[in-house]
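Same chain, two partners: chain A is paired with chain B first, then with chain C.
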Partner chain A sequence: MNFSFLLVAALTLAGALAAMALRNLVHCVLALVVGFVGLAAIYLQLGAQFVGLAQIFVYAGAVAILAAFVILLTQGVEHRTRPAAAMDWAVGALLACGVFAVLAWAVVRGVAHLPIAAPPSNAGVHAIGDAMLHRFVLPLEVAGLLLTVALIGAVLLAMRDGEAGA
Partner chain B sequence: MSLFILHLLTSIHALAASTIGHTLLMVVPVMVVFPALFAVTTLLERKGLGRIQNRYGPNRAGPWGLLQPMADGIKALTKEDVVPEAADRLVHFCAPVLMVLSAFLVYAVVPVSRTWVVAPLRAGVLFFFAAGSLMEIAVFMAGWSSRSQYSLLGAMRALAQMISYEIPLVLSAMVAVMAAGSLSMVEIVRRQAGYTGIWPHWFVLTPWGLFGFALFLIAATAESNRCPFDLPEGESEIIAGYYIEYSGFKFALFFLAEYLGMFAISALGITLFLGGWSAPFSFLAWVPTWIWFFAKLLALIAGFIWIRGTLPRLRMDQLMRFAWEFLLPMTLCNVFVAGAWKFLPAGVLRWLGCALVLLGAYWLLGRRLEQRGGLPQRNYRFAE
Partner chain C sequence: MNPLTGYLLLAALLFSIGLAGVLTRRSAILMLVGMELMLNAANLNLIAFWRYGPNPAAMTGVLFALFSIGVAAAEAAVGLGLLVAVARRVRTTDVDQMDAMRG
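For the complex of A and B:
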């Protein structure tokens, strides 16, 4: 737990907190970007270059921009300030506790089962590509199919009120 | 005098021996050379465009207008920094900073010469695109925080364009990564550094490399918002686009970042397809490698200037159709051919076969683009 880790962790947490607490939705997206970049920095510190850089490329680049796009294209949302705590306070706390319990349980069990090994020296692109296209090729394809279905569904939904028609 | 030079050399040598000194010697030239190139390029661009448009270009500051970049810099520094009353001040301030930051970051992985690369990362190409994608955030921040219709419109145009053209850009870069079997830019250049006879092993000399390079250049032109893809800042439509509300040195920073982005993406194209720092013929290999890199870079910049002076601006719907109906299928086809290239036996037949497949795809896709109306009648929903 060195100094740079603490710095990056604090940045990530600050970004995530701001994304949750700020009232202007666009500010929330920008704070979320800070959180994403912090998370990517943690991945990079762990030696996972591919995952860290993909995190920036996909999340900070594409996902955040898409979120910003949606906010700006949804008319009137930009100037509406939403309540910082929308749901009932107690329900929110209960949900948070539940999620934390599940995560903590998974982490504790996982650590107990797996020996902590030093990360392989080349835990990079080759290993990930190998795993994706050999051992986990079926889940990958299923995920791709799911995304395609979602995309087609989104296009159909957007077409419905367009004058062009399918 | 010679004693002084000797002293200087030994101190540089001592500096290079330490880690921090080594990093400094790598980083400082990047921070000096590329902005200097920016200054030179603005002058070259204005002069070149002037020649193309049958006028002189800048010719008042210094002999032949050579001091024009300096005059521009002084002007930018002394102008008042105007921030709109309604602007989101923090975001408005951060946007140009993030823009320049990401523009400089990508140079970390560019191998400028055989030994000069700041950070030889294993996933260098990915780093390049990741750092470049921060620029999109900066564009959005600039356009949104200014609270101006023009700048917001410019930012939305820029984002739609950058997202659409990022896909063909990455896919066209992918073929070089596939051929080299590595995401490291240093490794990709090393793969192209050999010679057969006097001819280099550059990827651009293969059919998929040639098509990949052409597609890459088109997507790169769009990605760096240059003419004919300069809709985000179309001067006659929305003035300066997303940075219209910036003045003085902040405007200059956007200008700088834009040109640095153009150099960086040219450097990526050089690295992926034009053999990086390697010499074009084996008998020219004695020339220092960084000279080749900058020669190729200047050649590509000249090409960009020429295109800007020649082609008119596209319309938004043409831009999108071109990206999704032509560039994307073409790059996918190119990826397929590059894969097949790896498994086919080497020879002239392989070259011709692959070239034929790509030309056929080009012909079919181009015909489709023409047939479905090169210039369809456009319905304006808001502008009537």
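For the complex of A and C:
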């Protein structure tokens, strides 16, 4: 449990908390980017460089920008949602605390006596590419198909009626 | 203390924050953001178990996390596209006011 982990974890948690708690939606998305970048740094600490890079590209880049665009695209509509009733807020916070308590109990009880593993010897892009194109080639193709279908579907969904031309 | 504990506790905290956001915020956009946070917590678990698991050379944890990121990206695109279409009809992003089946 070194200092850099604690620092990055605190940054990530602060970003996530701010993303869920701030009032202005654009500020929420900016805080979310902080959280995603912190998580990417944690992936780097864990030795998964490629996942950290993908995290920055996909989440801090694409997903956050997409959310910001949707906030701006729906600018004309009512954003000023009334704050949740105190009862709703209390129930939500209580449920989340309960879930965290159960998860933390399971982690502390279950992980403590696991052996501490040695770091993996080869975790570079070469090994990932090798695994992706040999053992995991079918999931890779399915993921590509899913992304194509989902992105075309998203464009069709967001298009105005009568603009499709078909 | 096993270093895995720290990562798993961080993931549990992230999941709880996302869950609290989904349950308490009324903006549909922020609910999607909270779901992304929960998915990220799951990804962190996958990577942590890969790093400290018994067989890191198989790369299963990393590959699972990468596919999970891809699926989450597809989910975010479709979800936000749906949101744009819904907001255009009902003129709001408040989930409490989206209560009619016919917009």
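Following the convention adopted for this analysis, the second predicted complex is superposed on the first by the 122 of 166 C-alpha atoms of A that agree within 3 Å, B and C clash if a C-alpha of one lies under 4 Å from a C-alpha of the other, contacts with A are read in each partner's own complex, and residues count from 1 in each chain.
Please note the rule applied: contacts are C-beta pairs under 8 Å (C-beta built on N, C-alpha and C of every residue); 3 or more make two chains touch, one makes a residue touch a chain.
What you see is a predicted model; the values in this text were computed from it and never measured.
S.K.: Of the two partner chains, chain B (first) and chain C (second), which one does A:A158 touch, if any: first, second, both, or neither?
M.R.: Touch status of A:A158: second partner only.
S.K.: Per the contact definition in the header, classify A:L138: touching chain B only (first), chain C only (second), both, or neither.
M.R.: Once the two structures are laid over each other on A, A:L138 reaches no partner at all.
S.K.: By the touch definition at the top of the document, which applies to A:A62: first (chain B), second (chain C), both, or neither?
M.R.: both
S.K.: Does chain B (first) or chain C (second) touch A:M20, or do both, or does neither?
M.R.: Second partner only.
S.K.: Counting residues of chain A in contact, which comes out ahead: chain B or chain C?
M.R.: Ranking chain B and chain C by residues of chain A touched puts C first.
S.K.: Can you pull the chain A residues that chain B and chain C both touch?
M.R.: 50, 54, 62, 69, 122
S.K.: Please name which positions on chain C make contact with chain A in the complex.
M.R.: Contact set of chain C toward chain A: 1-10, 12-21, 23-27, 29-30, 32-34, 36-37, 40, 43-44, 47-48, 50-54, 56-59, 62-63, 65-67, 69-78, 80-85, 87-88, 91-94, 96-97.
S.K.: Which residues of chain B touch chain A in their complex?
M.R.: 91, 121-123, 126-127, 129-131, 133-134, 136-137, 140-141, 144, 152, 156, 159, 163, 166, 183
S.K.: For chain A, which residues are in contact with chain B within the complex?
M.R.: For this pair, the touching residues of chain A are 26-27, 30, 33, 40, 49-50, 53-54, 56-57, 60-62, 64-65, 68-69, 72, 122, 124-125.
S.K.: Which residues of chain A touch chain C once you look at their complex with the stated criterion?
M.R.: Chain A reaches chain C through residues 1, 5, 9, 12-13, 16-17, 19-20, 25, 28-29, 32, 35-36, 39, 42-43, 46-48, 50-51, 54-55, 58-59, 62-63, 66-67, 69-71, 73-74, 76-79, 81-84, 88-89, 91-93, 95-97, 99-100, 103-104, 107-108, 111-112, 114, 116-117, 119-123, 127-128, 131-132, 136, 139-140, 143, 146-147, 150-151, 153-158, 160.
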